[in-house]
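These are the structures in question, set out in turn.
Each of the two complexes below includes chain A, the first together with chain B, the second together with chain C.
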Partner chain A sequence: MEKTTAGLDNFIAISVPLTGYSRVALLATGMAADYYHAVRRIIGDDRMNDFLSVAADILQYTHGKAPAQEREIRQQLLASLLYGPITRNIIQLWYWGAWLPLPDAWIAKYGKGVKGNENHFISPAAYQQGLIWQVMGSHPEGAKQPGFGSWSIAPLS
Partner chain B sequence: MENKEYDVVIVGSGIAGAIVAKTLTQAGKQVLLLEAGLEAGMAFDADGAYKNYQEYLRSYYLALAKVPNAPYPDVKDAESPNVLDMTQINGKPDTKGYFVQNGPLPFASDYARAAGGTTLHWLGTCLRMLPNDFKMHSRYGQAVDWPIDYEYLKPYYEMAEREIGVSCDVQEQQYPNMGGDFFGKDYVFPMYKIPQSYIDKHFIEGLNGLKVSLNGDVYVPWCTSTPQGRNSTPNEKYRYAGTGWNATKQKLELQPFPKRSEVYEPVGAIWDPYAGQRCEGNASCVPICPVQAKYNALKTLKSAKKEHLTLMSQTVATEIQIDSTTGNITGVAYKQYPQADSKEYVSGVAKGKIYVLAANAIENAKLLLASDACKTSDQVGRNLMDHMVLLTWGLMKEKVFPFRGPGSTTNIPTFRDGDFRKQHAAWISPIDNWGWGWPTGSPDTDLDHAVSTLNLFGNDLKNYLGDLLSRQLLLHFECEQLPEKSNRVTISKKYLDNIGNYRPVIDYNVSDYTKKAFKASKSVSDQIFAGMGVQDFTSYPSNEPDYTTYEGQGYVFRGAGHVVGTHCMGTTAKNSVVNRDQQAWDHKNLFLVGAGNMATLGTSNPTLTLAALSFAAAENVLKALK
Partner chain C sequence: METNQLISGIRHRLVRSGEPTLTDFNKITTLDSLRKHLQVAIELEHSTIPPYLFALYSIRENTNEVASRIIKGVVMEEMLHMILACNILNAVDGRPDISHPGFIPEYPTYLPHSNQSFEVNLQKFSKPAIETFLKIEKPSGKGAPPEADRYASIGQFYEAILDGMERLQAKGNIFTGKASRQITPEQFYGGGGGVVVVHDLASAHEAIAEIVGQGEGIDGTIEDSDHLLFGEEVEYAHYFRFNEIHEERYYRPTDTPKSGPTGAKLPVAWDQVYPVKENIKMKDFKKGTEEWGRMYQFNKSYCDMLRALHDTVNGDKDKLREAVIMMYDLKYQALGLMNIPMGNGLHAAPSFEYVK
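Moving on, here comes the complex of A and B:
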């Protein structure tokens, strides 16, 4: 239980710089725990724990300071053959709600024990909570409808 | 079931079948309706309808590709075509999906075999055809004239606009060569127009005053708000309660509200009349309107007179039986499957005095071919048509905030008619409200590109997407296709479905007449983009299913979902399948309804016209039953 909570906290903490959204905004989607468990379920406990400990180190050493943090995220996560595809998938999960299949080369090298790697929405709610809709001043197509005539003016935000 | 003889047996519960069923039952006739899909009864069962519809929505949310048929059950016993199955055809027939595609190009549209039919996932654009669309041969020396004209259809158009519940400001409707009395004096639509989008406003402003050259002529294109089958604010001047049969005059007529104080009430969801009374801006009309603010044929079915209507769902009509001496139809053979996807079924024959096929153009043709019916003209299955949609897309200079509101709320009608139709196809240009979704799969493809290729994350990603997705503009050029004998539906014993019924085999191509319109409309698009400072991102990759070339230039067209032709109406038994009354020339007690009857396509989306024709057909059936 302890461990799960700490893991989830780490997951949310690294998601903040990855997505560009605040911790509160991410929590407000209601999806944090679902995404965390989904990634853990798919890539397995060991890989997830390793990923989260690299992420925690980055956050700790850079004290959340922008240029250093960005460099570390790029060098240690995005450029890494092991962590790059996972990191990109986590970003896309937040924005779109769906898991993308990890590349074949990744699976060949690191994919032992990977389960449920196919392209899928985590849940109907995940689709509806995608950050991409907010970013463009809209709402998920088919949900959270903004009301009659709303489309004829610029979005309020 | 086999013992009872109904007044009329109808095949199909889409808008065509539902209009006929409603009109006949309200006139007191006993009707049996056969529906191939699941749960036609839901029109009369609010709880069941709600549950069913929530399941459709769930499927939609979870679907990775939110294509038109994504929300709806694909039942093996009554399969539906799916646009995802369409690929390039390389020499041999493509049999992957429900269609057997002989090509050379794949037919690119689909339909839904489910209760309520394809209006479940239509967009709802409701344009009338133009007067010259009915006279293509005499005006432009192309294709054929219809045996009826615009004036004939006008009262039925009004009935269709009442039935669908069309929102439109009549005074804004300006089309080329529409004549002085296109809508009739004082005519108004049931509801005011659906508000035009923020994109539309910018686009209209940008287009203002722009001169466009086409074939040496200069045009000043204009925009008009688009009439739509979705709920808006009722127009208090609208006076009609509905369409009814006047037995004395032997006519259908629009009947006024009994009291002056009454006003039109938008028709809400089938599970709750108060849901969906206004379009709420879900922006998912294709494939599914979550609140049913958009019209679908279950609404019409629901208003049929229940006591006079017998519904059989999961019942696939397989053949019409013909008396070889009189040519009259004696029954419709069907297969009823007890469970979706099972190989089992019960066979039966439905009997009536009159038979109406309303299974949609391709399925109607299949049924006729399977029955050896309507053979005199050799036209059954031929003249398959669709609008061939050339898309162009780019980035507006400023943020216009797409991905909101109904799919399209404004169009450019300028090129819907003109002398150029002697040389090339006419087209209509809807302005799309949903970004580049159709051609490129935005927004998630843009996200993937930004993350995987541009290596963006965090605030940079946010800013990049916020800018890109807010500026996307998409234009359609929906080009007319003429009736051609070689574009056709056939059947073959080689290709059967799960319960041994024929699958449609399709031969399809694009002619130079339409390709010339691709060239012309692309040039118009280029001039508009240049004139408005739109950054052009259009591309036509040669690996797309409907890639074609004209004068060395490549184009990609897409299907519009407008399945038309296949049992055309005409002047003689030799040149057509049905007469002007929509009665089969070869079988007096057989009526065909739907877009299959249309002799040419014009530039209107076909459903309003097929709905108007269905009212006319219902009137003719009532006269014949007298």
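Moving on, here comes the complex of A and C:
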């Protein structure tokens, strides 16, 4: 049985509008739980719980209404001094597989208890699973080889 | 072992239109029958690939490194065997058909034209899976007679083919196929062993020795035939490599089939595996859902790859590169599926079904 927690479910649910990828596509990367635990480890349980509860509220109130959902995400998450940098980091996490340091100003104001905020890949697998490669129709350098001579023909899909 | 009546129907689905009936199939006395057997040989070699890939991909990344390497090595040699069988069929001026709807068996399945003593499933890396793999690669035993049908081992089946080729060649040259239809070693990179270009009885012998030797080993030893044929380092035959996983212990060079492996411990983490659904099918998902779409896409890619391979072994050799690129992509699609929970504790997986 896969371990699912309400927190992880919320994390994946808000990641769908944040990344523009479907829940199934995000699950297929195999990285959801690792990213969830990484964010929790770095920003701390309290901050993570607060963020997820705001996210869950947005998803609940705007359920199925894309324009409203987008507006609320912009206003409550991306424009927020507190949640904006976290939200952007989660987006970057999915695309790069890497954690980018939260800004100094944010750290000065909210950074108490933050651990491991330096730039790092979550794991070797995270580097390979970054959505950026799919978006580019490419592959992570040094991994997921597409085969000899593949550069000479148009992408298959 | 008697055939289960409930599942014997599956065997009938394996009998494709235009395929000879079992009774016609007993002895190879005509060129037509030889070609049909070689087509079965191609299908037989292929039929082992989906189960091996399924188990291989089910292993979680960065775990079971040795077991993964063993299965991967074997599956690459099965791909080579399939190409070797195509080369033999092309050498006797046959037409390999690897893109027809029945080419992929419907799992669970018996091996094509086997004695139906065991079924092959698409199942995750596990002891039962390795036990099935051991049965597939089981050596025929010394002095086992060649059998053209209902053979008990893959070796016996090829013995029957060789026997037929020798009989037919004695009556007149059967190696009349175009040389340009042969897949050559330069085209086949990264595979296990070597491609043999087949143009006469001796090279056909060599190709079959490569197939059977890699699978079952040479009489009475655990080594495969590559070091004799190609001057490679001694490598153990498939059966014995799988047995290392099963026994969680390496063979030593002095070990024999009877002694079993007596070398160092081979660590196997049987629990480091995706909980994927056995013999999964597209119909396990609601049509139109994204999960169904990904199942379909995998099968589409797999069948497209087979179609590209079909062209490759039918004279359009440049298609091989395209097929190889598709093979890499298939792996990543399969791994993606294995990360997707089905909501019942199990995960999705590639189903290897024919789609247009």
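FYI, the second predicted complex is superposed on the first by the 152 of 157 C-alpha atoms of A that agree within 3 Å, B and C clash if a C-alpha of one lies under 4 Å from a C-alpha of the other, contacts with A are read in each partner's own complex, and residues count from 1 in each chain.
One rule holds for everything that comes next: a contact is a pair of C-beta atoms (placed from the backbone, for glycine too) under 8 Å apart; a residue touches a chain by one contact, two chains touch by 3 or more.
Fair warning: this is a prediction, and the values are worked out from it, not measured in the lab.
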{"item": "Clash or fit, chain B versus chain C on superposed chain A", "value": "fit"}
{"item": "Chain B versus chain C as contact partner of A:A105, first or second or both or neither", "value": "neither"}
{"item": "Which of chain B and chain C A:A6 touches, first, second, both or neither", "value": "neither"}
{"item": "Residue contacts on chain A - larger count, chain B or chain C", "value": "B"}
{"item": "Which superposed partner A:A154 touches (first chain B, second chain C, both, neither)", "value": "first"}
{"item": "First, second, both or neither for A:L81, with chain B first and chain C second", "value": "neither"}
{"item": "Touched partner set for A:A28, first chain B, second chain C, both or neither", "value": "second"}
{"item": "Contacts of A:E70 with chain B and chain C, given as first, second, both or neither", "value": "first"}
{"item": "Least C-alpha distance (whole Å) that remains between chain C and chain B when both complexes are overlaid", "value": "5"}
{"item": "Common ground on chain A, meaning residues reached by chain C in one complex and by chain B in the other", "value": "124, 145-150, 153"}
{"item": "Complex contacts: residues of chain B adjacent to chain A", "value": "57-58, 60-62, 64, 66, 195-198, 200-201, 232, 278-284, 288, 290-291, 399, 401-406, 409, 433-434, 443-444, 447-448, 451-452, 455, 457-462, 465-466, 469-470"}
{"item": "Chain A to chain C touching residues, read off their complex", "value": "1-2, 22, 24-25, 27-30, 124-125, 144-150, 153, 156-157"}
{"item": "In the complex with chain A, residue positions of chain C that touch it", "value": "61-62, 189, 275, 290-291, 294, 301, 321-322, 324-329, 332, 335-337, 339-341, 345, 347"}
{"item": "Residues of chain A that touch chain B when the two form their complex", "value": "17-21, 70, 73, 78, 87-88, 91-92, 95-96, 98, 100, 119-121, 123-124, 127-128, 132-133, 135-139, 141-143, 145-155"}
